[in-house]
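Comments concern the structure below.
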Amino acid sequence: MKQENLIDAVRDSSGVNPRKCMKCGKCTATCPAFEAMEYHPHQFVDMVERGKIEQLMQSKGIWNCLSCFACVERCPRNVKPAQLIEAVRLAVIRQQGMNHLKPEQIPELLNPDLPQQAITSAFRKYRK
Amino acid sequence: MMHRIGVFVCWCGSNIAATVDVKRVAEELGKQPGVVFATDYQYMCSQSGQELIQSAIKEHALTGVVICSCSPQMHETTFRRTVSKAGLNPYMLEIANIREQCSWIHKDKETGTEKAIVLGRAAIAKVQLNAPLKAGETPVTKRALVIGGGIAGIQTALDIAEAGYPVDIVESQPTIGGKMAQLDKTFPTLDCAACILTPRMVDANQQENITIYAYSEVEAVTGFVGNFHAKIRRKARYVDETKCTGCGLCTEKCPQKNVPNEFNLGMDHRRAVYIPFAQAVPKIATIDANYCKMLQEGKCGVCSKICAAGAIDYKQQDTFVEQDYGAIVVATGFRPISMEKFDEYAYSQSPDVVTSLEFERLMNAAGPTSGTLLRPSDGTHPKTLVFVQCVGSRCSDDGRGKPYCSKICCMYTAKHAMLCREKYPDTDVYVFYIDVRAPGKNFDEFYRRAAEEYGVHYIKGQVGKIVPEDGKLKVQASDLLANEQLHIDADMVILAAAIEPNPTARSLATMLTTPMDTNDFFTEAHPKLRPVESATAGIFLSGTCQGPKDIPETVSQASACAAKVMGLLHKDRLVGNPCIAQPDELMCNGCSSCEKVCPYGAITYADKEFRTFEGMKVRRVAQVNPAVCQGCGACTVACPSGAMDLKGFSNRQIMAEVDAICK
Amino acid sequence: MQVNGEFKPKIVAFCCNWCSYAGADLAGNNRLNYPAEVKIIRIPCSCRLNPMFILRAFQRGADGVILCGCHPGDCHYTTGNYYARRRMTLLFSMLDYLGIERERTRVEWVSAAEGAKFAATMNDFVQTVTKLGENRRLEDLRCKK
Amino acid sequence: MVVNYFPGCTLKTHAKYLDLCGRKAAEKLGVELRELPEWQCCGAVYPMARDEIATRLSSVRALMSARDNGGELVTLCSACHHVIKRVNGDMQRDENIRTKVNNYLKPETPYAGETTVLHYLELLRDKIGWDAVREKVVKPLEGKKIGAYYGCLLLRPSAEMQMDNAENPTIMENLLRAIGAEPVIYSMRNECCGGYVTMEDSSFAASRAKAICDNAAACGAEALITACPLCYYNLKQNGSLPVYDFTQLLAEALGVDMEGLEQ
């Protein structure tokens, strides 16, 4: 996808306007997965604003966001960083085409103690 | 008589001319019936623009003028004066608003020009039906009412009183002084708030032109500029103000000891009978009926027994004062917002998380800890303090916080941090900020001093979460410049809570029919040129009721407000609005419909004799009191026979505008 | 009115002097765009609006009429907008009877601080009226081309 | 009172106890939880993207089924509640999503978010009332100091979930009070447990869960309750405190015969 189209895709599917960010850093202050993200939430918003989507798509951190919505809840400007991260994640997944897991691949990935909810969620979020 | 109308199209520099072809507008409007002269000019409101209008009036014997320019709210008064100097009645003028409501909102020149022509046509159609009007005059009551007795209200009242006019201050609390009385030191000079405020309070008390109604509320206001009438409720103190000497004995002997002390924001206790603080004005005790055993259960009476002056009166009732005023000043002030919606900062979970105003009391010699900074939870000396800025300020409009900058927090936080380091050099002080805003005189120097000389750690970033655990406050924050997440074990956290208008302001605005903005701050008549007047004539704004302000700004605005009030009170008579209701007595059948809808009681009835084809007959007809009518027009629509009409906005005039627009 | 084959409605907006007219000015100050079809008539208070004016507008070819006043409780004349509200409610049933679509007449409360709301309201109203097309009820044939 | 009930996948497998206790407790309170016929998985994660339609469909099916059977839908698992409640909000507010979903599902009556989605806790608070719960308690949990663990999904984003104050919630504390226990308020109760990242990196969830339990313990909690099977799993695996489904304690307090319930 072209660079401009990527930016539009991320903005449209997230429904977030990154320009509302006033760079206060509360998202980054509140993020429980801070250590696991090479681009911290406030940087993430800034990078979307500046169109560095491809760089974000290659980052590992997008798979470590917990979707705990703490940044969404506490952001004073209603920016919703988690939705931007999800949108970038989705951009990656959509570029991969139909490479879904096959049913026979699944059992070896499983921990039988895990609740189903976690398994479904994890597979849905991380079809990377 | 056919009017001779002149049309003047203003360019307003490029404000209008950029999107409206002013030449074409003038040309098109020049062709309208009745128009004998049409021209355009760069700035109609300038001296030469006004002279252009005046000479055209004389040269072309104009009887009506249409000016296509900015909003009438901007320059209607200016242009009325202009035409009147050229000998025309000031009400033979109509303004077509082709700036705010045309050139500024349209980008396409063709569209803008077309619309401007239609708006001009409507104004021409209206002015054809204008009649010369003469405004009536009303006397001015030379007395001012100041609502709110904080530093803003006190300053305004003192200035007005010193100019020789009587002023009444109505304050809802038992003492005047407001929020400033609760402050410890003031930035950027670090002089003590009480030392500069309390002499002012005493001045207000002693100034013979000032009457202080403390522990009172404005109940109702009627009337209009120069002629307001207010009803003031004096809440029962259960103490006779004329007898109480303020000795304070009752406040020491009252057995009800556990009443949260609002002056110290609930961080310590007072008795059920109390004087808020030592320098209170008036220094009179008040019994808190919610806690007084005598008033609640009918037994106790200790205060009554020990009061040597015999001032205690358990049977006291609320009383009312009614008074006429020429001007009303709103000085209702602010309060910090509730921290309820920001509990990620654990305000409700730990007493060691405090707001800045609470911190102010904790540092104050008259505060709950007598000025020694101690942790509220265990009374120990805090070592690590974290200040959080912008709590609830600069939030987007989602109901959690306020969209505006509260303006004072950066500076008082610098002050707190500095005082803290000065008094307790063993402390570690962190300030988390988004931006440090210090644009006042000596403000930036002050903030820099906190960082440079006092070693306050200023960290650009915000606090995300505070977790009280094992006697510490675990602060999780961001350091944006280092791109790190910080974890600090703090002993105390101080939240710079956003400020909001006093919650009673909304109902007061309704009572005074004064506009407010979406944040419940009172709206000034013009953001630059009329900052201390409200849009409602005779109502003035002083202090933070109009928007966040620090003390120097509040005081200068308060004095400016006083100057405006004095300007009004100095006049003996006020020229009213001539656009008032007028009945056509021949059509009026005296049905009383108009009287019922009039909000001012301006309509009365008189029996008058009329000549009819059956001879003279006496009929009851409506009469409008021109001094009382405000010209809303409610009666004109209620009138079933169409007898009542509004001068300047008559049925025919409005319909002519409708016709011109729909043509 | 048809302009280059495109329908451009005629909209009359009655605005009270204290709130909505100032709100419209604020929209202008902030350069908030709304269609040029909207032409504002200043009245001192929403209660000055005689329902007759609205009928007159429709008769003379208006496609939509909107009345803007102060928010309930905030009227400069204390109670004017309550009268306006009651009168307009009555007028609505009459317009219904006349067969003029309900959406062609609207009442909105816009304060002096609500420039954005003013522009948004006008955009929305013009859109609604444009969808309805030309108003043919009540038209005075002598007045239309 | 009979209400539609959406148990969700996990409550039929790993978190049977949460479900069984919930039903039994409701019975004691005079409420029958009527399972939606042929319900499907809610989708497990809420699709935050505005242009993801297919992943919203299964929730909409459940919501429509509830609409056609009385108009209310009670959920118990936090994750299901989060997904279903927010998808319902999308159907109410987002015209694009509403149109596309209806175009796809082609229901007889188009769906526009008419169903009211209630969490079991909201059922207790708003429909039954804490006083009524308190009256039915036969074995109050006296003297037990319990911390309520909310996690993320139940409360956030509060603008959409509309359940409680997201930073200082009270609903589970009030439940604890109603069943006679002493609630312990601790700050980490609305911080993430590590969620499904535990599948990729269990050490991360371990550190989160430990921090939460330590904070609760430091504030005096002797046990935790939760409404979410995943939180339950993460806390139980890694934490230092006993963890219960909130319905279990409720059922016990109401005198449900726990012997008959299989864990």
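Order as written gives the chain letters A, B, C and D; numbering starts at 1 within each chain.
We take it that a contact is a pair of C-beta atoms (placed from the backbone, for glycine too) under 8 Å apart; a residue touches a chain by one contact, two chains touch by 3 or more.
Bear in mind that the values here come from a model prediction, so they are computed numbers and not experimental data.
Student: Could you give the fewest steps needed to travel from subunit C to subunit D through chains in contact?
Tutor: The least step count works out to 2.
Student: With contacts counted as defined, which of the two, B-D or A-D, has more C-beta pairs across the interface?
Tutor: Per the contact counts, A-D leads.
Student: Distance-wise, how many Å sit between the C-alpha centres of subunit A and subunit C, to the nearest whole number?
Tutor: About 46 Å separates the centre of subunit A from that of subunit C.
Student: Distance from the CA centroid of subunit A to that of subunit D, rounded to the nearest Å?
Tutor: Subunit A and subunit D have C-alpha centres separated by 24 Å.
Student: With centres defined as the mean C-alpha position, give me the subunit B-subunit C separation in Å.
Tutor: Centre separation, subunit B to subunit C: 30 Å.
Student: Tell me, which residues of subunit C touch at least two other chains?
Tutor: none
Student: Would you give the residues of subunit B that are in contact with at least 2 other chains, written as numbers and ranges?
Tutor: Residues 344, 398, 465 of subunit B touch two or more partner chains.
Student: For subunit D, write out the residues touching at least two other chains, lowest number first.
Tutor: Residues 167, 191.
Student: Going by the touch rule set out above, what shape does the chain contact graph take here: line, ring, star, complete or other?
Tutor: Per interface graph, the chains form some other shape.
Student: For each chain, which other chains does it touch, given as pairs?
Tutor: Those chain pairs which touch are A-B, A-D, B-C, B-D.
Student: For subunit B, which residues are in contact with subunit A within the complex?
Tutor: Going by the criterion above, the answer is residues 344, 390, 394-396, 398, 400-401, 434, 460-465, 476-478, 480, 483, 485.
Student: Would you tell me which residues of subunit D are touching subunit B in their complex?
Tutor: Counting only subunit D, the residues touching subunit B are 159, 165, 167-168, 185-188, 191, 214-215, 218-219.
Student: Report the residues of subunit C in contact with subunit B in the complex, numbered from low to high.
Tutor: Contact set of subunit C toward subunit B: 10, 12, 18-19, 21-22, 24-25, 27-29, 31-34, 36, 39-45, 47-53, 56-57, 60-62, 70, 73-80, 83, 87, 111-114, 119, 143.
Student: List the residues on subunit D that touch subunit A in their complex, please.
Tutor: Counting only subunit D, the residues touching subunit A are 8-10, 13-15, 41, 43-45, 48-52, 55, 77, 79-80, 152-153, 155-158, 166-167, 191-192, 194-201, 204, 208, 229-230, 232-233, 237.
Student: Could you pull out which subunit B residues touch subunit D in their complex?
Tutor: Answer in residue numbers: 340-344, 346, 348-349, 398, 465-470.
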